[in-house]
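The letters A, B, C, D, E and F name the chains in turn, as written, and every chain counts its residues from 1.
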Amino acid sequence: MARDQKFFQPVSSIKQPRFAGVATFMRLPILAEDDWEDVDIGLIGVPWDGGTTMRAGARHGPRQMRDMSTLMRAIHPVTRINPYRSANCADLGDTSVNPIDLHDSMSRIEEFYQRIHDNGITPLTAGGDHLITLPIMRIIAREKAIGMVHIDAHSDTNDRYFGDHTLTHGTPFRRAIEEGLLDPKRTIQIGIRGGLYTKEDNQWAIDQGIRMVTFEEYMDIGVDAVISEIPGIIGDQPTYISFDVDGLDPVYTPGTGTPEIGGLTPYDAQKILRSLRGRNLVGGDVVEVAPPFDASGMTALVGVTMMWEILCLLAEPFCRDPDQN
Amino acid sequence: MARDQKFFQPVSSIKQPRFAGVATFMRLPILAEDDWEDVDIGLIGVPWDGGTTMRAGARHGPRQMRDMSTLMRAIHPVTRINPYRSANCADLGDTSVNPIDLHDSMSRIEEFYQRIHDNGITPLTAGGDHLITLPIMRIIAREKAIGMVHIDAHSDTNDRYFGDHTLTHGTPFRRAIEEGLLDPKRTIQIGIRGGLYTKEDNQWAIDQGIRMVTFEEYMDIGVDAVISEIPGIIGDQPTYISFDVDGLDPVYTPGTGTPEIGGLTPYDAQKILRSLRGRNLVGGDVVEVAPPFDASGMTALVGVTMMWEILCLLAEPFCRDPDQN
Amino acid sequence: MARDQKFFQPVSSIKQPRFAGVATFMRLPILAEDDWEDVDIGLIGVPWDGGTTMRAGARHGPRQMRDMSTLMRAIHPVTRINPYRSANCADLGDTSVNPIDLHDSMSRIEEFYQRIHDNGITPLTAGGDHLITLPIMRIIAREKAIGMVHIDAHSDTNDRYFGDHTLTHGTPFRRAIEEGLLDPKRTIQIGIRGGLYTKEDNQWAIDQGIRMVTFEEYMDIGVDAVISEIPGIIGDQPTYISFDVDGLDPVYTPGTGTPEIGGLTPYDAQKILRSLRGRNLVGGDVVEVAPPFDASGMTALVGVTMMWEILCLLAEPFCRDPDQN
Amino acid sequence: MARDQKFFQPVSSIKQPRFAGVATFMRLPILAEDDWEDVDIGLIGVPWDGGTTMRAGARHGPRQMRDMSTLMRAIHPVTRINPYRSANCADLGDTSVNPIDLHDSMSRIEEFYQRIHDNGITPLTAGGDHLITLPIMRIIAREKAIGMVHIDAHSDTNDRYFGDHTLTHGTPFRRAIEEGLLDPKRTIQIGIRGGLYTKEDNQWAIDQGIRMVTFEEYMDIGVDAVISEIPGIIGDQPTYISFDVDGLDPVYTPGTGTPEIGGLTPYDAQKILRSLRGRNLVGGDVVEVAPPFDASGMTALVGVTMMWEILCLLAEPFCRDPDQN
Amino acid sequence: MARDQKFFQPVSSIKQPRFAGVATFMRLPILAEDDWEDVDIGLIGVPWDGGTTMRAGARHGPRQMRDMSTLMRAIHPVTRINPYRSANCADLGDTSVNPIDLHDSMSRIEEFYQRIHDNGITPLTAGGDHLITLPIMRIIAREKAIGMVHIDAHSDTNDRYFGDHTLTHGTPFRRAIEEGLLDPKRTIQIGIRGGLYTKEDNQWAIDQGIRMVTFEEYMDIGVDAVISEIPGIIGDQPTYISFDVDGLDPVYTPGTGTPEIGGLTPYDAQKILRSLRGRNLVGGDVVEVAPPFDASGMTALVGVTMMWEILCLLAEPFCRDPDQN
Amino acid sequence: MARDQKFFQPVSSIKQPRFAGVATFMRLPILAEDDWEDVDIGLIGVPWDGGTTMRAGARHGPRQMRDMSTLMRAIHPVTRINPYRSANCADLGDTSVNPIDLHDSMSRIEEFYQRIHDNGITPLTAGGDHLITLPIMRIIAREKAIGMVHIDAHSDTNDRYFGDHTLTHGTPFRRAIEEGLLDPKRTIQIGIRGGLYTKEDNQWAIDQGIRMVTFEEYMDIGVDAVISEIPGIIGDQPTYISFDVDGLDPVYTPGTGTPEIGGLTPYDAQKILRSLRGRNLVGGDVVEVAPPFDASGMTALVGVTMMWEILCLLAEPFCRDPDQN
């Protein structure tokens, strides 16, 4: 009881307008590493897009998502969860990155998440391009492969680019499977679409056992059918949520590097996320928000609302006293 | 007969291109107060956003909506109503406003609508933020509380902001109910969504008897089910239409102050409006178009198309000779 | 066999990033007229908007569509067609145009398509405003009227504008029918909506036998019902595809001259196009992309993806060896 | 005396905020032709860009210039002229135009200016592309060739485009000289710059006697030296001011069709205009504001401020009682 | 010595890229009020635009200025001052504000600055509209009227707006003089320009003894002559710097509420500020950055660079050991 | 004589409008490597920004510069040089690049320029970030160090970033000097400005003998004085021109990665370039055009006009028959 009395609380926009104040995730305090001890869920930015093969810009994602996050309120309209009463949540700042060196950046990101992991904090990340999920998984899935609910236009299981290069934002999950971090049989990818480089594209992923729901199948069977499959795939073992904003129709998220027409609506994505309530979730990310391609911030608003939906999911299990929530 | 011979007519874009000419609502003449005598339906701007708690800009709404209104044509594609043959319609200009004084603005708006009311004109308004509906109701609902069909992301029935302030664009309908202007039992709100400040949010409105259709319920039951409820709620008594463009998904209306992801499509909104044909309608408004956040004018185009749909509804009962229409 | 060994191939973005290189349609080679001999399908730009009655800008469409076309990949995700292995495809450049003279431009466009026709090339065109379809039809339908699958917000069968002017982007199909180029009984128009100038609008088209699916009917019966009608209308005779991007909801294609709210989604449009597989298709166009009204290029991305869908349709019949494809 | 008591006055922004009200030039009343009788100076829009060879969009210039004109105030900061106390000024609306027919548009514009001329009104015009100055001159210079102070990046004295076409926005002054409307020896062109099509470009104009101040010479001798030359060139005979916003550096006026880097600053242009006080001025125009290329409206703000400077020049001679002014 | 060892230091962009991390002013730490004790210079945001008569938006100024401030580096290129080695600088966050109540906001701002004043901190403020300077002066000039170097397009010494309203962003310095906070004889205003409401505008200010340098005079005499006047005006008594970004040509600062063409260049403004080295400066502000009118952030970059120039001025006198600097 | 008869010529915009056709540099033909034999001057794109430490986007520079280059005409307005009659000029396309690997990209760029060098072609390059100048110099200065006229806000002679990383867009000229490619004593840097990381910044460059003209000095002595120094610095030995668009005030070139307020005007830059006529020039580049930060293309227009100025300089010495020119 005493503990959640002192949970960090966002500034309420009914007291101070939302455009006021330094922009942190969800208007939560920003904590230096010394103060991480009591944090349950850490909101983290990874401002890096060095794995991007088309339009860069996701390096600016965390800052714009923090800005738009001040539009978020406290209580979930459907589940009535108040994440800030359920768990101690804080903005842990951005990882160190190196915009000119991919491998150095991978190391810096891993080191940051190692310290988060050592503090027992559940990470919720704003990217950055999709390659950043790999170093995160290298920390949180080191002991045991995790499952994944993955919303995206692309499977991100390609093998090589530009000759023999194995690390781009098109390859993280091939590497994660190869490294034993991601269990393909406990992975579902939703929204995959667009032309292919070769007829073999995506086949490797399917052969590993990933359940790949193309956008065409998605439209044929409907979101409810997809949702009903998820529990059977991820089970009750640790599972990660990875949300690439290009999984949505680019009309909702034009500020991204590799838009593909078609795609989910934000509401369908919310339905999928909300269906994960009660699952064994060990973290999540929202990636590929590239502000230079959407100065309006609307892409970031969509992205950070998804982040908030995931936050509600991650926070609920921490709650010991439902009435407190 | 003689009377509608001389109804004001918009300039036809098949005669003069739409980009030509001073921008008035629907390319109708702009009338000074001395010429209001024969007007049936007045199109009015309230360029004011002093009740806005997040992003201001709706003060510029009427001007941009006038600009985009030149894309409207004469005849409704479904009902075949020609509003300009059914009723005498005119642009009555903007109300006086005071951007630095909320209370003075409320008075100025009330005075303007009193004069419109005194001329027996049905008002159709382009906002401005949503607080402007309160002074309008203070005039047109003075004698008797009216019902309302309300499309919005927010219930706008909060009580106080920033301490003890009772008038913001988040509170007009609480005040209207308290003042006996709005009959909550004859009110339906459609599209309500987004996080809540407290677990009590929206409860007051529901307790008063408002039928609140959250976006989640809306998606579950479908637009046709919602439409079928409306007649039973509003009945045949005087009813107002209030259309906040943030009721739509912000992808359609990014130029607004408090966007919430999710929301109606423009076509669903058109269906709802079209279903109101034959109802006892006493006025309407389209509010919260904030051009600085959508320089393209597309938000204003959506808004003014809704205004035109409402115009067709308001005009039809004036028609005495259907063949003339 | 030897022939398709040397089909032109786009640069693969897995080898060279997509932002690199001169922007040609689909990253195909750009061919001068001397090299057209072996081309099966020609991608052509008609950078002209002199028939536009509202917002000009479609003159810049081909260039921005070429730019965004570098996001296209080789293989269709559903049909598995690789158009570049099925047929010899090339960028044939832009027609000559005259931005200050409508009639001179019509002649220049006709001359260009005559040379394409003389080379036995199937044309796939990026407009330009919709009037450009008329000179194209004057060449490819000279001998025999063709059918048409037409996606658009407007029927484009008006008669006159600005007095007695017969050629605008609102009149091409009235002229094409009058000239015997277009068979109205083998024509379907999908997505028609918006206010009317007069109660007689669209009636002429319907009287000629065009199957006009208004957006309202479209929403009532659904895309699958519309698709099921098409074969009975167009039959197995030569048919053209004309895709005006304003057929889609303007949220997807704001960069266009005469936006109308409502409209198809890109995915529904893709479904319609994909349903035309195996039909007797003699060409197609995507028109009314006006970059000045959408600097982001997203309208062009939608447009060029539709162009690529049509390319896959046009290419498949050329394929002699399915395994080669 | 009685007459100027009733001069039209703009709405003061110290009484009603500038964003309020229908946008007319300078917040003056918009007058139908029946009410032109007492007008001294007419502000007119010519929403037409059919003579444009590169980027169209100036058709939207008058409307955006009206919008930004509400930022203008009453009294000139240097000359202390109040144009609205000196002369009776009004917004006369837009001329009729035909966006798809150059020659028809020329006729419509001429007819409109003939009626203005017949009412004895001095015209001050917002374009439209630069070809519109030709039909204006055909009316106001019919009896006698006029002089011109011309600010522009281009001489606009080319002969033919796209083959043998003689009327584009690059040719009006060649035609005006040939038709005896413009006296080249009483013409000064300021700010001419940019690459040439041929080595003969501009030579024809110089050979006719035009004083052409290239931007290079302008920078070498300075604005004051240029100003000192003007009286000797234009003398005291009737003179017109034609201001193409591309005469300024495109950083100030990006919303234009044919930008050339370099160019005047707005302040230098104001100095040149202010130097014309007391000259025999018979009209003026500001052309080539193309809003689609500068949605911010800043180009229009620059353009309309120049229009206001010219208005002050045109109004002063009408003033009979300097104390009234 | 020990003290400045522990001065707060910005994150160096040569160590961590500038796009990384929560955006605070100059990448300095953000301090809660409990930690203000050792601060010498406080950087503060006042996110409020309730005094704005034209285009609102300056409420968003502090956040965007914080974002762009991460482009600032440590050492002044001319004076070689390192402000962070000279004085202890920190981001103190934003004041409380109330966007719907002008008078309540004035009180909240005053209370915040009172606490800053009580801590002996020199304030450097990012607005907000220009009315915010009044409550700041009410605190820092309570005991004794201060002088002012004021860069602006407008004198901001008007008396009333919209009837009898005395507090807007056009009146702060009239009120400050009336309240004895600002010494007009020790005040210089630079860059004043644009049309006037009445012939009496600005005269009151001049009559009080303000040295008003209109932009016209500024261009005539040159920046160096203006600079040479300043010491004689402000003397060695306490002086404030108030920098309205509309003092610059709007091409540099389009993101502002009331742009006037003409105006200073950023470099001239820097020269003026740099000339104030060694003066008795007691605070400063940069106001009227309105991000909705310049999503690019360039206006904010100009604004925050001026803020950094002022910071260097304010910091230097704190330095006890020049070698440490 | 026969040779220059067949020089490649741009399409004239007086024949075909400039918005028509595939966008190549200056509307010249795009040549595959097999056709390079007779080329004198090659226009090349290096679409790469992997050395960027702040805002990426210069990878898109070459494509947008090609687009805007179609505004260029044939003949220089001052020197009367027609570069296309003086030398055989062609667009050689883009180098191969690898957006995720800095070192691989350096190799690919070097290989491309080696082939250009082997063909005896003078390279004129559109970047890309400034690091690309290093691999170019590694080819063209391999035998002997070259001089440089360098316009930039930054000296780009820093040593390390993000720890011990030696290759970024802030270090190329330190590396070039260390590698013996660039002769610092024959190098002038113009426009250097902005805050410093440390008091030692820029000192290394000065110590090597570079003539560094800070923007402050530039404004003090004037552009003519700077121009007069150049011949004495570069002499008659081989010299390269490197033009970073951030050398200009960011108001002209907002689309760049690291803007610094202040800076040259485009006209001053043109004057500097024009002063280099007759010098021994061996190549040039225009770098750091980042389209995502200026969708308008105006930054690219400025950049490509500078490229055209350099082209005229490079072409003139090839001319054997001045009358032909």
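Keep this in mind: contacts are C-beta pairs under 8 Å (C-beta built on N, C-alpha and C of every residue); 3 or more make two chains touch, one makes a residue touch a chain.
Computed from a predicted model, the values in this text were never measured in an experiment.
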{"item": "Smallest count of steps, each to a touching chain, taking subunit B to subunit F", "value": "2"}
{"item": "Inter-centroid spacing, subunit D versus subunit C (mean Cα positions, whole Å)", "value": "41"}
{"item": "Residues of subunit E engaged with two or more neighbouring chains", "value": "16-17, 19, 53, 55, 59-60, 98-99, 161-163, 251, 293, 296"}
{"item": "Pairwise touch network: line, ring, star, complete, or other", "value": "other"}
{"item": "Pairwise chain contacts, counting only pairs that touch as defined", "value": "A-B, A-C, A-E, A-F, B-C, B-D, B-E, C-D, C-F, D-E, D-F, E-F"}
{"item": "Subunit A - residues contacting subunit F, complex", "value": "49-53, 55-57, 59-60, 98-102, 104, 161-163, 165, 167-168, 292-293"}
{"item": "For the subunit D and subunit F complex, residues of the former touching the latter", "value": "53-55, 158, 160-163, 193-199, 201, 214-216, 219, 249-251, 254, 258-259, 261-262, 293-294"}
{"item": "Contact set on subunit F toward subunit C in their complex", "value": "16-17, 19-24, 30, 45, 47, 59-60, 62-63, 66-67, 91, 93-94, 96-99, 295-296"}
{"item": "Touching residues on subunit E, where the partner in the complex is subunit F", "value": "12-19, 71-78, 80, 82, 251-252, 265-267, 270, 296, 298, 301-302, 305, 308"}
